[in-house]
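Two complexes come next, and they have one chain in common, chain A, joined by chain B in the first and chain C in the second.
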Partner chain A sequence: MDIVPQLIVNSIIAGAIYTMVALGFNLIYGTAKFFDLGYGALAAVGGYAVFYFYKTLGLSLWIAIPLGMVIAGLIGFFIYRSIYAPLRERKSSSMVLLVAALGAFTALQSVLAILFTSQFQTLSRSAGDERVFEIAGGVITQVQLIILITGLVLMFAMALTLKYTMFGKAVKAVGDDEEVSKIVGINTRSIIGKVFFIGSAIAGLAGILVGFDTGIEPTMGLSLLLKGVIASIIGGIGNIYGGVLGAFLLGFVENFGIWKISGEWKDAIAFGVLIIFLLVRPQGILKK
Partner chain B sequence: MKYKIITLVSIIVIVVVGSVIYKEKSVDTPEKPVIKIGYILPLSGNVAFLGEGVKNAVLLAVEEAQKKNTKYTYEAVFEDDGFVPARTVSAFQKLVDYDKVQAVVTFASAAGSAVNPLAEKNKIIHFGIASDPNIAKGDYNFINWTPPVEEIGLFVKEAEKRQIKKIAVFGQQISGITEMIKELKKQISGTDIEIVYESVTSFGTKDFRTQVSQLKNSGADYTVLMMFSPELEVLTKQIREAGVKIPLTSIESFELSDNPGMFENLWYVNAADPTSGFTKMYSDKFQKNPSIATPNGYDILGIIVEATESIEKKSLPNTSDITQALLRINNYNGALGNGLKIDADGLVVSKAVLRIIQDGKSVTIQ
Partner chain C sequence: MEYLIHIAILICIYGILGLSLNLIVGVTGLLSVTQAAFYGMGAYATAILLTTTGMNFFVSVILGMIISGVVSLLIGFVLSKFKDDYYALGSFGFNIIVYSIFLNWQSLTRGPLGIPGIPRPSLFGFTFSENIWFLLLSALALLLVYGVSQYIVKSSFGRVLKAIREDEDAIRVFGYNTLFYKLAIFVIGAMLASIAGSLFASYITFIDPSTFTLNESIFLLAIIIMGGLANNKGAVLGAVILILLPEILRFVGFPSDIAAQMRQVSYGVILILLMLYRPQGLVGEYKL
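On to the complex of A and B.
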């Protein structure tokens, strides 16, 4: 039996997961020009919010998932307004912001561990009974298909929003030059706040879908964040299409990279690709 | 007036000093010296249910020790390492520096490997509930766990009986599991069994899809899982989702899951069974069956008690005395059976068993 079709499907699934993380991360970075580490923990926040509403309170998924996204978005917005915005206004260095983001990340992770314990949890109610589809010789589950479709829908929705709405144009303007945007009358603080809300809600959605696919734990955000960052950098940081391209490229490189060697090398391969890009093409595949 | 005050103060001083002296003299018998044993267990995190099981068993062992007329009082001190070796090391330092324990017990090979050199350096007795035989190296280190040679021996025997020729192995980067895989390779050499696929991943890996695709094409008759929770359950889910029909078995792993129902009707090899007496005592007390490693945790305390009590010394025995006494233990009757002894390598020798999951519970079949 040929393994290649399944490897391609696996790569696409991984790429779709990284796409969602990279989309939100790129949106925030592209606008605020700031490496938001706390973003990773918001994926876990989304996952745990759905765990609470869906599995503990027994609410419908149609209510629990939007609630999970809104909670992740609100927490992201709150962190921006209470921590990052004052630091940015004081013209704090990027190192100070990075440390503050690391603090927010660690605090959120700890709060989740206190509230829900560090125990690994699954969001699906009936493990192993999931619908499975066969596509061109590869197998894909219902959740993985949803992840793939969601990633693509998000990418197009974001691209259209940025191109055709006033909000999108303001986001691009702030991303291009925050000071000039202020001069022309854009409320940059409000725009960046909204970007943090949207980006964090996307992170929450990524955490929710990963929770249905594999499971959730308070520390899940770090690995997701790292993969999202690698995808963003190799695709072109701040560029939405670049992030998606980088995410799928990373998915393919990781999965095909361990085809003939041990799975332990997966992360090493991902970071190896990152280093190569940083040395050879630091601006990524697509420039902003 | 001045004389009255001086007289009153003198009386108070005499009364206070007198009562202190009286109190000191009136202590009829001195309290028994205390021997402290520290248990570093995963009481939080993904395998907290296993740590809780061992803790319960140890509390039971302390109760049992207190019923006996012993020369010393035995106390168990518990520390949580959350199954993170770095936290095991800080817990060890706390137990040694603050609690002044004479012995430390660790859970799983990663923790045992971290504590082994520290135990030697600090001259603290260390018992590992772990597979990696290297953990017993040194004068102060011991293991109370069925060794890989026993478990793999039984697995190979069972595999030959079932005419299994090709196996796929999934393991994790932890010394106990790598030792187990090493032993498996050693014992299958010269048999008809071969490993057609092997995957060892690090802790925290949740995406096994590529490995599962490779497994699907490996031509294996059986898949042997040697993993901890939650990676064990995530891998099993991904194997089933990919439609891989190769039957699963494991060495210990199914007992490390808090969802054994996931492995219904699957046979596996496990470390030694507890005695029916211990199982009953545990179930009566805690209203549940003992989980994996509970009899080992129980017996370690009992063995230390027996060894320490056997020392003929007027003063409190030091860890070196207890270590020597431990090596003389050759007929201990405990939760893992009768006649237990510590061999020259520092191992409490016990036999592996064959088990099956039925109705979500482990049942010994051999």
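On to the complex of A and C.
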């Protein structure tokens, strides 16, 4: 059997997942200007919230998924208000924020492990009898198709929101120059808070979808986050389309990279790509 | 008593790691989160050399230091191109790449199975098989590393490092080749961490890749930030506190699985609180 079509399909699905993570991350980085690592744990929070509502309480998916996103969003917002906002107000260096974010990430991830054990769990109730589609020799499951569509819809929704709404314009203004935005009367604190809510909810959604595709575990966030960061950087940080481009590029490189070698190398390949990009083209493919 | 000796040995090993990382992060201001990689290289060097060739432990320590030194020279050279956030992110990458190598180079490291049956050190026919003797050896190593660190910090070389941390451009104007200094301290730090790795491998007599993950590097960062950056006493103090803390949690009576997670939660919360209220740590001389 020829493996190439399946590799292409896998690359596209990986790309779509990374797109979502990169979109949320880019939004936060573009406005608040620091690497929010706590963001990774929020993907896991989303996944586990749905696990609780959907599998343990037995609620319908249409309630469980939005609830999961809102919970991830609220926790992200709360972390911002209680940790990042005070630090930013006293003009702490980005290193301090990074270390604080590492702390938030570690703590959150372990709280999940305490609440739900650190075992690997799946979200779907009926594992195994999913609908499967075949495209040009590659197999794609229904969940994966939903992931792909969600990723693309999210990209356009975000691009349009940023371009045409007042909120989007304010977000861009804060990203360009926070001080000046404050002077012209933008409530930067509230804008950044909303950005954290939205970005975190997107992370939650990514975690939920990954949970339906493969499964969830408390440590899933780190790898997702790092992939999103790598995608954003190689695509051009702060640029929506760049992040998406980077996400798909990363998906392809990773999946074709392990064509001949073991799948365990994926993370190493991703970081290899990142380091090459940082050395050769630190501004990414598309500049902001 | 055995238990206390065990804790003391761990404190010695983590004290060495804290001191080695403090030279890089605290004294020179390079936020490196890849120290566990060099720790692992020392451990694997000792484990492989002792189990396959029956080499003397002390020779393997030297060889491990040489290997870490050479690899860290390469990594440090790449990292020296980055600044701040990107430096940290790049160092994440190297930790993950080195971890992948431990995990996947199965013919050398036996991958996830790990390497069992590593013998205790022996010198002139005397074997450090009793823990109390091993503690003596570790304490000597800690003292040695402390002396080296203290010598570096007090020397003119150390003053240049601190100047790089405060203002790299300014010290460059004075004609110092900052790249050389940054590489030198990165390599020294890596070689010292490798000693701790050799001790660890020989003490536990079994190693596998899971000890040398990114989380371990974050833990080491927590140690030096807790104790206080740029202060050698602080690095050891941080190790004492963060090794004792989970033991206290254990006595409170949590089951061991939850205790392990509680330990992570407490590191995370400590990092956040320190960043919010005391960014210089307990006895630190430098704020991030």
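Rule of thumb we're sticking to: the second predicted complex is superposed on the first by the 288 of 288 C-alpha atoms of A that agree within 3 Å, B and C clash if a C-alpha of one lies under 4 Å from a C-alpha of the other, contacts with A are read in each partner's own complex, and residues count from 1 in each chain.
Here is the rule we use: contacts are C-beta pairs under 8 Å (C-beta built on N, C-alpha and C of every residue); 3 or more make two chains touch, one makes a residue touch a chain.
This structure is a prediction, so every number in the text was calculated from the model and none was measured.
Considered on the superposed chain A, chain B and chain C are sterically incompatible, since they clash. In the superposed model, A:99 makes contact with chain C only, not with chain B. The partner that reaches more residues of chain A, of the two candidates chain B and chain C, is C.
When the two structures are aligned on the shared chain, A:279 is found in touch with chain C, with no touch to chain B. In the overlay built on the shared chain, the residue A:35 is in contact with chain C alone; chain B does not reach it. Of the two partner chains placed by superposition, only chain C is touched by A:87; chain B is not. Once the two complexes are overlaid on the shared chain, A:108 sits against chain C while remaining clear of chain B. Once chain A of one complex is fitted onto chain A of the other, the partner contacts of A:226 are limited to chain C, with no touch recorded for chain B.
In the superposed model, A:119 lies in contact with chain B only, and not with chain C. Of the two partner chains placed by superposition, chain B and chain C are both touched by A:262. Within the superposed three-chain model, A:6 lies in touch with chain B and out of touch with chain C [touch as defined at top]. Stretch 204-212 of chain C is the one among 204-212, 240-248 or 276-284 that clashes with chain B after the shared chain A is superposed. Shared interface residues of chain A, touching chain B in one complex and chain C in the other, are 117-118, 262, 264, 267.
By the touch criterion stated above, chain B contacts chain A in their complex at residues 44-46, 48, 82, 173, 199-202, 204-211, 213-214, 216-217, 229-230, 233-234, 237, 240-243, 259, 262. Put simply, chain A touches chain B in their complex at residues 1-3, 6-7, 10, 13-14, 117-120, 122, 127-128, 130, 132, 139, 141, 214-215, 217, 219, 223, 255, 258-259, 262-264, 266-267. Against chain A, in their complex, chain C makes its touches with residues 31, 78, 81-82, 84-86, 88-90, 92-94, 96-97, 100-101, 103-104, 214-215, 218, 221-222, 225, 257-258, 261-265, 267-272, 275-276, 279, 287-288. Within the complex, the chain A residues that touch chain C are 34-35, 83, 86-87, 92-100, 102-111, 113-114, 117-118, 222, 226, 229, 233, 262, 264-265, 267-268, 271-272, 274-275, 278-279, 282.
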